[in-house]
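These are the structures in question, set out in turn.
Across the two complexes that follow, chain A remains constant while its partner is chain B and subsequently chain C.
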Partner chain A sequence: MVLAVENLFIHGPSSSGPVAVVESLTLALPAATTLALVGESGCGKTITALSIMGLLPPGFFITSGSVKLGGEELTFLSKTELRQRRGKSMAMIFQEPMTALNPVMTVGRQITEVLLTHRVCPPSQARDKAIALLGQVGLKEPEKRFSSYPHEFSGGMRQRVMCVMAICANPQLIIADEPTTALDATVQAQILELLRELQSQSGAAILLITHNLLAASILADRLTVLYAGSVMETGPTAAVLNSPAHPYTRGLLGSQPRLRLGRDALCGIPPTLAAISGQVPPPGRRPLGCAFFSRCPQALKDCRDNRPHPVSKGPEHQAACFR
Partner chain B sequence: MTDSLVKNFLTVRDLWVSYPSRAGQDCFTAVKGVGFDIPQRRTMGLVGESGSGKSSTALAVMRLIRASAGSISLGGVELTSLTGRALRAQRPKFQMIFQDPASSLNPRQRAVDILTEPMHLCGLGQKSQRIEMARELLAQVGLSSSSLMLFPHQFSGGQRQRLVIARALATRPELVVADEPVSALDAAVQAQILNLLGSLRDNFGLTVLFISHDLGVVQHACHEVGVMYRGLLIERAPTEKLFSAPAHPYTWALLSASVTDWGLREALKTIFGSGLENGVAADPDQKEKAARKKSLTPNFETTQPVSSTRSITKSIKWAISGCLKESGGQILNPRLSEDGSEGCNFLQCPLAEEKCRTQEPVLTEFEPGHLSRCRLAAEIRRQGQAVLELASSPAFGQMTAAA
Partner chain C sequence: MTVIKDVSDLESADNSQRSSQLEGTGRFFGRLGEFWRGFKKNPASVIGLILLAAVVVMIIIGPLIYQLDPFDIVSAPFTPPDENFRLGTDYVGRDILAGVLSGGRASLSVGLFAALITAAIGLTVGSLSGFFGGWIDTLLMKVTEFFQVLPTLLFAMVLVTIFGPTWVTVTVSIGLASWMNVARLTRAEFMRLREFDFVRSAVAAGASSARLMMVTILPNALPPIVVAAAFDISFAILLEGSLSFLGLGDPNRMSWGLIIGQNKNYALRAWWTVVFPGAAIFLSVLSVCLMSDGLNDALNPRRERRF
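So, the complex of A and B:
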């Protein structure tokens, strides 16, 4: 296992004291595989990613549970030790490349900085290595790009630069937080394709964070559906998409307009999407029982007071639902 | 006023939009002769990548930027020639919904002011009536009337977009231009807003110009779809027609990037993986199964072979599997390829011949209601139909499951 998260609880600040943001989260991610963490905003996806990276914002704490990277417990590490791991054994690709890159430094300098910090190569070779990496992610004229500034790049190209910075120290784990949300559909497909290619070359594990279940299916081997800080369903991509076992997963799938091609397109489109009504309850105002209780169309009496535990729905496929 | 003008509520003809470039006298032309009609109470979708000119078209229709040439007629009134007071008098009739609700609402205005200001500006009702109307609007977009006194930051993203929609409806418009109305929203909230837009369109009898880069959203929300590429409308068809099989290589490329249906993608992969051009499949058993399907589907191998049959199948394969990866992120970027060539502007087209480079194709209606700017339109559509038919047939699903 590259990444093993077990029974993780994260608490965050609120006006009435600390509240649980992520509850009892368990993830397992072997090398060269991709796990997608799917859910709406406010479900705790990004906080989970930041906690793994040791980048939790002020006021947020891991209260219990363990995060192991390649067998090493991360929650006990000091700031300095964490800093040594970041970039070297785990790296993160952020949603908005424009704000994640430094606007006043050339792209080349930002990449060589990572190479030199983690002593990936001697300083004399850093430039050549960075240019080679820029070529590897599909940028044309990498020598010229090396000395360009981020504003000279299009959104897709900037995200490619982010990919270079993530892979340049050859980390075991890449966390991609909504890497394609800010991009056009065509560029989205390209970036997901690029991530897959980089993964097949380096064998890194990818934790993909997204709210788009269908986009996640392009890249992910497994899906974990998160709602209000708790795991609703987890399983192999095909199993979750073909036979979603949790009402929330079904809701997410139903609420996304699916492209219908060929003869399906002629059948006509249902006038309304099966939207999930309401919104994610904020931390601190989550139901006592099942987190999805307040929006679930199939809620039972039991669901209000008792929290369902994950039950097996198929090989490696689990869902936390009484039904 | 002729019949066609009554029938087509919005008529755009040969619209050109240019932006002056800072470098010299020459300018960047974002929209090059786009034309379409939207009948009353219908929704027309414009899709394309960033830089394809779809937002410029929307802004020109809204008269927020000036068209450099062409005509825009709204309910028989020519908008391009109007200025000043005459234009303002028309403004209540056409309103806009913006992409990002966070930046299109004044953070220092309460919901009530956001909604009553447009009413006030176009002289709708007395003050007390306007507040009552605002309350009604909120109810219509699914917000409680208690939110009347709230500021934008007190709403969630989805609620804010509801407020933006309510504001657009405040002047009782007949045409609404929605520029990427759900792109900034979460998947689950997207569905709520799309449903809301659909019901409002029916309740208010709105005509809608819907701009989006998401083909799934467009298919769901629109009656007719236009595909834009580098300032040109390259394909236009009723939604069912376009998605049953597009007739332009670029639309195929765009489509391939959006195929997120897990089953369909696997099916397409299998088809192209098994070498479609050399008969349906090499396996005799599969060939037999495929033969059985022939009765249901027009098989392009059995129909009259055209010189380019093979290459068109290849082109669709290209569009679906390889093009986006090979491109290095630049092939489809409309801004990066050089301008000024005389021929077709889709320079990366796998079907391009010498003819395409010298002669610019025109938007032709090759089938009733289906327009494409490609000389091979009919052929591409016919073969694409066969490919998709094969991919989505249940027999094929069983075949791949067994394999």
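So, the complex of A and C:
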């Protein structure tokens, strides 16, 4: 198991003291597999990622639970030890490739910085290694790209550079936080393809954080649906998407825009999107029972006061729902 | 003014222009050219640069050609400008031209080095304060505020009086009395940049605090700080003039402020004794100020991107 998160609680600041942002989160991610963490904005996806990296913003704390990377407990590590792990055994790809690169430093220098920080190779070979990596992620003329500045790159090219910076120290775990959200549709597919290719070469585990179920379905082996800080459903991607067991997962799938071709399009039937009414309850005002109670179309009486525990719905497929 | 229709237009224009100036040293000159294009947009700053160059050439080469000791008594006191003494003589009969030429060396060198000290202290305090925040920030900003409420000239005078008037003490005193603005500016830039995505991604890649400050943030914070430091040169020249005027400059070195200070009582009788060194101070301060404006235009990252 590369990443094992168990019963993780994260508390964040609010006007009335600390409130739980992530509750009882459990994730397991073996090598060379991809787990997608999906859910709406404000569900705690990014906070979870940051907590694994040890980069929680001020005021946020891991209050209980364990995060193990390659068997090593990360929550016990000192700041310096965590810093040495970052970039070396776990790396992160950010959402906004346009702003995630240093504008006054050449792309090559930024990559060699990472190589030298983690002593991946001797300084004399750093340049060649960086150029090789730039070629590996599909950039043309890597020697020339090495001495270019980020503003000379398009969004997709920058995200490729971010991928180089993430993989260059051969991390066990790559956390990709909305890696394709800011990109054109055509480039999105290329970046997802690139991530899969890099994974098959290096055997790294990928934690994909996204609200885009399509991206998740392309890349992920397993899906974990997060809502208001709690896991609603988890299972193999195909099982979760084809037979969603939780009303929230069904809602997410129903609100996914789809292309209609053929007869429906000709008949002029307008596409219908089933929006989930209401909003994600903010931390501190979450229902006592099921987190999804206030928006659930199939809520039972029980759901208001009792929190459902994950129940098996199939092989390795669990959902936290009474129905 | 061209209207950019599409972002792709913008990028391709950008790429094609850059790629022509990519290789090696050509790249450095390309950047220099870009800097110059920004700089020359402001005609006043070009005038300032020419003026400053003229002043610097004059005070470097001038004393080599016009080899007259500015402390030598060469004529009767208050000789008006004539063909022997182009700018006249002062109250003891020393040549004003020799004084103005060699006095510039003291004034400008103090100005330059005091500004360097200012920048060094200001950058250190401001970057630590802005990067770490918390109690470090509170402590350093209290110290900065303490220095800021002291009257600058008075503080410099006290320091010079305590440590004696030499070139080094004058320079250090001026530096110590005027680093606060650079510190506050640096702090603000670091606080702003610390929240940027590229800093976060450097943190996620395992960069240490020192590396983040020096390699990631500082180069991005420099442009406004360079402009402020350039302004500080003119401020330091004025402060050196004031100190010398009050008799607190290095008495063994001629300086513009010293000439004015010693002749101030006779200014109405012999105008040339104060007008020429005064004009020298005025011109050098003006040229540095004008040039700083141009630096602002050329370096300001928030300016419109030029193609």
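Methods note: the second predicted complex is superposed on the first by the 311 of 323 C-alpha atoms of A that agree within 3 Å, B and C clash if a C-alpha of one lies under 4 Å from a C-alpha of the other, contacts with A are read in each partner's own complex, and residues count from 1 in each chain.
Quick note on the criterion: a contact is a pair of C-beta atoms (placed from the backbone, for glycine too) under 8 Å apart; a residue touches a chain by one contact, two chains touch by 3 or more.
As the structure is a prediction and not an experimental result, all values here were calculated from the model.
J.: Could you let me know whether more residues of chain A are touched by chain B or by chain C?
T.: B
J.: Based on the superposed arrangement, let me know which partner A:237 touches: chain B (first), chain C (second), both, or neither?
T.: first
J.: Using the touch definition from the top, say if A:104 reaches chain B (first), chain C (second), both or neither.
T.: second
J.: Touching A:217 in the superposition: chain B (first), chain C (second), both, neither?
T.: After superposing on A, A:217 lies in contact with chain B but is clear of chain C.
J.: With the two complexes superposed on chain A, say which partner A:53 touches: chain B (first), chain C (second), both, or neither.
T.: second
J.: After superposition on the shared chain, which partner residues are touched by A:154: those of chain B (first), chain C (second), both, or neither?
T.: both
J.: Could you say whether A:84 touches chain B, chain C, both of them, or neither, answering first, second, both or neither?
T.: second
J.: Just checking: does A:299 make contact with chain B only, chain C only, both, or neither of them? Give me first, second, both or neither.
T.: After superposing on A, A:299 lies clear of both chain B and chain C.
J.: Once the shared chain is lined up, is A:276 touching chain B (first), chain C (second), both, or neither of them?
T.: Only chain B is touched by A:276; chain C is not.
J.: Going by the contact rule set out at the top, does A:162 touch chain B (first), chain C (second), both, or neither?
T.: After superposing on A, A:162 lies in contact with chain C but is clear of chain B.
J.: Do chain B and chain C touch any of the same residues on chain A, and if so, which?
T.: Common interface on chain A, chain B vs chain C: 154.
J.: Which residues of chain A touch chain B in the complex?
T.: The touching residues are 40-41, 138-140, 154-157, 160, 184-190, 193-194, 197, 211-215, 217-218, 237-238, 241-242, 251-252, 254-266, 268-269, 271-277, 279.
J.: Please output the residues of chain B touching chain A within their complex, sorted ascending.
T.: Per the stated touch rule, the residues are 49-50, 156-158, 186-192, 194-195, 198-199, 213-217, 219-221, 239-240, 242-245, 253-265, 324-325, 327-330, 332-333, 335, 385, 388-389, 391-392.
J.: Which part of chain C faces chain A closely enough to touch in the complex?
T.: Residues 11, 14-15, 18-19, 22, 27, 196-198, 200-208, 211, 215-216, 219-220, 301.
J.: Considering the complex alone, what residue numbers of chain A touch chain C?
T.: Contacts found on chain A: 53, 55, 83-88, 91-92, 94, 96, 99-105, 113-114, 117-118, 144, 147-149, 151-152, 154, 162, 165.
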